[in-house]
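These are the structures, in structure tokens.
Below, chain A partners chain B and then partners chain C, in two separate complexes.
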Partner chain A sequence: MSYLLKRIAFYVFTAWAAVTINFLIPRAIPGDPVQALITRSRGQMTSEAVQSLYVLFGLDKDASLVEQYFTYLGQLLRGDLGLSFTYFPSPVSQVIGDGLPWTLGLVGITTVLGFLIGTALGTGIGWRRGSWADALIPVTTFVSSIPYFWLGLIAIALLTGPDSFFPASGAYDGGLVPNPDPQFIGSVLRHGILPAFTILISSMAGWILSMRNMMVTVSSEDYVTVAHAKGLSDRRVMVGYAARNALLPNVSGFALSLGFIVGGTLLVEIVFSYPGLGLQLFQAVGAKDYPLMQGVFLIITLSVLLANFLADVAYLALDPRTRREG
Partner chain B sequence: MTDAVLEIRGLNVDYGLGDEAVHAVRDVDLTLHRGEVLGLAGESGSGKSTLAYGLTRLLPPPGVIAGGEVLYHPDGGAPVDVLRMTLPELRKFRWAETAIVFQGAMNSLNPVHRISSQLTDVIKAHDPRSTPASRLARAREMLRLVGISADRLDSYPHQLSGGMRQRVMIGMALALEPKVVIMDEPTTALDVVVQRQILRQLVELRERLGFSVVFITHDLSLLVEFSDRIAIMYGGRIVEEATSADLYRDPLHPYSHGLLNSFPALRGPKRELTGIPGSPPDLRAMPPGCAFHPRCPHAMERCGVEVPVLGIPGDVRSGHDAGANEPAPADRTVACWLHPVHDDGL
Partner chain C sequence: MTVVPSTAAATPAATPVKRRRLRFVANRKASIGLAVLGFFALLAIIGPWIAPYDPSGRSSDLLQGPSTAHWFGTTHLGQDIFSQVVVGTRSVMVVGFIAGLVATILSILVGVTSGYLAGAGSEMLSALSNVFLVLPALPLMIIITSTLPETSTLTIALVIGLTSWAWGARVLRAQTLSLRGRDYVEAARATGEKTWRIILFEILPNLTAVIASGFVGTVIFAVTLEITLAFIGVGAGGDWNWGTVLYWAQSQQALAQGAWWWFVPAGLAIALLGTALSLVNFGIDEFVSPRLRGGGKTNVKTADGRTVRMRVGFTPVLGNAEGREGS
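Here is the complex of A and B:
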């Protein structure tokens, strides 16, 4: 238990460091967002408006860096991430709140599904080593080396079109209002199929490969032979002895991939114009929308930290050797 | 002579198939009698572990059994051929009749499961109607049998020492009261003190429970002390089989002789250790004739041409008078042209 507390303390410290860096980096960049807004409005702004913008962005000149920092921390604790430029005057937290569910829904579900299916298939293939199933290995190696977005581009090129079932972009039909009614849900599912499958196919292949290889390694361990010698059923040996141990390295990989749900599939969202966090980040970079970028980065950092923490906890639960007992 | 519990007849084990196959075990005939400890000795690569894996059908791929039969004689039943059992029959047979203790004391236990679950899952697999409480009681009993306190049931393997782990394995092997326990270098990874403790315990348990043991090791001195009979393997064949007293006093095969001379005696005058010149044969390119002849100090012309047959030596009574309690010649066999097979034997 004290081990877990130490880990928590470590993560809190890392989160603080990430937040601080997130504060410092935009301030180290030359130019400021108000200048960018003035340029965008082609100089048609009164000086009062400019001044109030400075205050609004927390950039009024009188405040020192330290004061700004504490103001920033205070705002952060209240969930106030500032105002977005691209979606001005919406607050960043609201913009992110709009995008996050789409990303979590699409990438989150596919990442988890990809891991589960890939691990199950890898277990089977590794267990039946030397059978026809081995022929799948070169295929999965090939597929896992294909980048998500490229697969997405191919899918769009081949499967979408004016009269195709699959829409080429967006998360739902433009004419619909987000409501939990069947029409809207159907539309969401229809829009989700292609991006989901591109992510699923290429992520699953990687899990198959690593699980299969671990299964082959673990299958030659003495305790697996002992389990056979004990006359346990084939299924029990495969699940309880081989897969149970082969799973361990994959679990940490899975937790890390959970962390990259938010930031990792930016390109898929761009390709499919899927209104998730990745697309927002892309637009924020294009529009020099520093508050939004900062907000998205913060979410990415925190989710990676959370995923790491989950990996630690999962490992503690799955591998008794990592537990430090008295 | 006591009756047989396990009979190996003409067992051949290959690694690989076709012309590429390596013949790791060739034409092995071996009988394990009820209640005895049969030692199986030989250098690394002589096929002794392969023989153990072969007779329990645990050969890792690409190992295949190329021929022969392994007859198990259940109490008061007709003998069954282990090699021809269906998979469900085999699963039922394993551990309940023949348990194995493996070489790797460190790796024989699954690192992620508690000792208790590894001891009880085998009982559950063979007796699905047993209750969890009875299984746990049995596990506790087995630990007590091998001298480990019952509170270790909740431990994970990494929390036990190597000696304790091997004891747990021995306890596990005896959990279903098998008739045969195969021990494949069970103490090789342990230091000599622990080795001795475990072996003493094993001998004790055997006397109490009456199972038979096939004890595989490269340590002939250990076998001389602990086993009733010893079979020496070389290049995949059994080259000599005798009671351990006979073998120790008067080894007939030059290879057995070499093995016995490669470790020091505890008592008696000091003598130079000779060892065996050369190295074990390459199983992919076995010498013709007797596999040992390139290393043999007594090699004759015939040795390089003809494979000697394992049989009762014809000269044992005349040449080697070991004393009044000379055992029946049927007890010892040798495959060497120095001791041609007795004509009326076999």
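Here is the complex of A and C:
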């Protein structure tokens, strides 16, 4: 269990680092872009809201940096991320709360599915090295080089249209009210198919390639030869002996590249106008809505850390060596 | 990097010593990758001179499809998209190269140091690179670049380089850790060689392949990131790159107007460049670890018409009917 404790300590440290980066960036860079925004919307904001933005962006010049830092941490712990300018007068935490379920649903499910399917395909291709399956490698290389958002654009251009089954934007039909009835769920699924497939296809390619390479490396190990010699079925050797061991680097790779994949998937949301965090980040960038930008960065980072932790737990379950005492 | 293919063509028949040196280029994947890469490098250099139009210059041909006058069509302002893509190549290549260089130098410094030196400092450097590794790069880059008072292609390249060294550092650290205990390093230490000499002349040469593949990987990452940033609209102000083209295509509703020519060329260029770089990386991987090479023909027909599959670590029994069934 000491392994798990070490990982938890690491994630707590990283979360602290992310919060500190968020604190330092607006202070380290000259100029007060936020000051202008506050000045412009003064009169509409309560003095508390203005004060909260002052704390977030270091506009309070009287306090020392250490003092500012602790006020900032205190404010974050209360869940106060300031007011959003784009969605004025909603607080950032509320805006993010609206977007988060969509992102978790779309990105979370497709990322995990992409990993599982990609790994399974990579297992097969790596096991049958030298057969027709090798022809898939150049194709996957090409696909993995395409930016997610461009694939999304192509999907929209080819598959959507006035009388197409697939809608080009949004997460559900405009007239519907979000509640768990079949009509709403059906509409959500219909809107989710294209973005989901875009993410699946782009993210799968990388897993196929890395799993294929690991399978090729593992399949010449002695224990695989022994398993064959024992007369086990080809399938059993592939799944139980080779893939089981080839999987480990892929799982740790999954944890490490999550940050990158999430970045790509946020772009898919932008292309499909899917109302998640990616679209909010995009709108925030366009409107120079710094509180929302920073809030989205924090929440995305924390979610990625949490997902990383879950991947670590999976690794723990897969690799008995990490469970050793000591 | 672009010089390599031309030397390969110039000296086809060489002495054994020379042939060994060209082994990397002899790899089909690597040579295709290098050729495509050379093409883009050339375009980056001569692009602004060969572009038929000023990429920002307007004309009266609004939103026209591909024609002989405008190979990739025109934008809503009558700008020539072919010129935009050609001129934009330079920014893409410059960012990829500079960011790759900065990140590679940083990753060598952090990775090799933390791998070779033991103790608290090493652990701290390792923790630092792990932190940078799990932080999601795109949102981080967005908040950094959008807070910067002004951004140029160079600042974007530097910011990408300074934030994307962690992957290389981690790989180099692992590799250095395993090299540190090897006999030849112990021997060098026993003969009293200085630490910097051991690192520079004993360890680093053995890391060349890892460093090279790390560099190529970072270039892919940097190019994608720059284009993505430009697509969102936080990229370098006045400079054209492929992401800027896509940004305008998206913001002017090119899709809704059916202007496919507006976003297809830039996207294909990205995919082509990315594929070329990946191919170079596969070449490096296969150069280092021959097992990964595609196996060629592995199904062998036996005399009695059965098919036996060759496998590493196996000696298929071709004549015997009791031979194992493959695949």
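Heads up, the rule we're going with is that the second predicted complex is superposed on the first by the 257 of 326 C-alpha atoms of A that agree within 3 Å, B and C clash if a C-alpha of one lies under 4 Å from a C-alpha of the other, contacts with A are read in each partner's own complex, and residues count from 1 in each chain.
The rule is simple: a contact is a pair of C-beta atoms (placed from the backbone, for glycine too) under 8 Å apart; a residue touches a chain by one contact, two chains touch by 3 or more.
None of these values were measured; they are calculated from a predicted model.
In the superposition on chain A, contact of A:S220 is made with both chain B and chain C.
Once the two complexes are overlaid on the shared chain, A:G130 sits against chain B and chain C alike. Shared-chain residue A:R321: touches chain B; no touch with chain C.
In the superposed model, A:F149 makes contact with chain C only, not with chain B. By the document's definition of touching, neither partner reaches A:Q283: not chain B, not chain C. Contact with chain B, but none with chain C, is seen for A:G240 once the two complexes are overlaid on the shared chain.
Applying the stated contact rule after C-alpha superposition, one finds that A:T110 touches neither chain B nor chain C.
Contacts of A:H228 after superposition on the shared chain: both chain B and chain C are touched.
Counted by residues of chain A touched, the larger count belongs to C, out of chain B and chain C.
On chain A, the surface touched by chain B in one complex and the surface touched by chain C in the other have residues 129-130, 220-222, 225, 228 in common. By the touch criterion stated above, chain A contacts chain B in their complex at residues 129-130, 220-223, 225-233, 236, 240-241, 244-245, 248, 318-321. Here chain A touches chain C in the complex through residues 10, 13-14, 17-18, 21-22, 25-26, 29-31, 33, 128-131, 134, 137, 141-142, 144-147, 149-150, 153-154, 156-157, 168, 213, 216-217, 219-222, 224-225, 228, 234, 255-256, 258-260, 262-264, 266-267, 270-271, 281-282, 285-286, 288, 290, 293-294, 296-297, 300-301, 304-305, 308, going by the rule given at the top.
Residues of chain C touching chain A in their complex: 127, 130-131, 133-140, 142-144, 146-149, 167, 220-221, 224, 227-228, 231-234, 246, 249-250, 255, 258, 260, 263-264, 267, 270-275, 277-279, 282, 285, 289, 291-292, 294-299, 309-314, 324-327.
Per the touch definition, chain B reaches chain A in the complex via residues 56, 58, 60-61, 90-96, 99-100, 102-104, 107-114, 121-122, 125-126, 156, 158, 169, 172.
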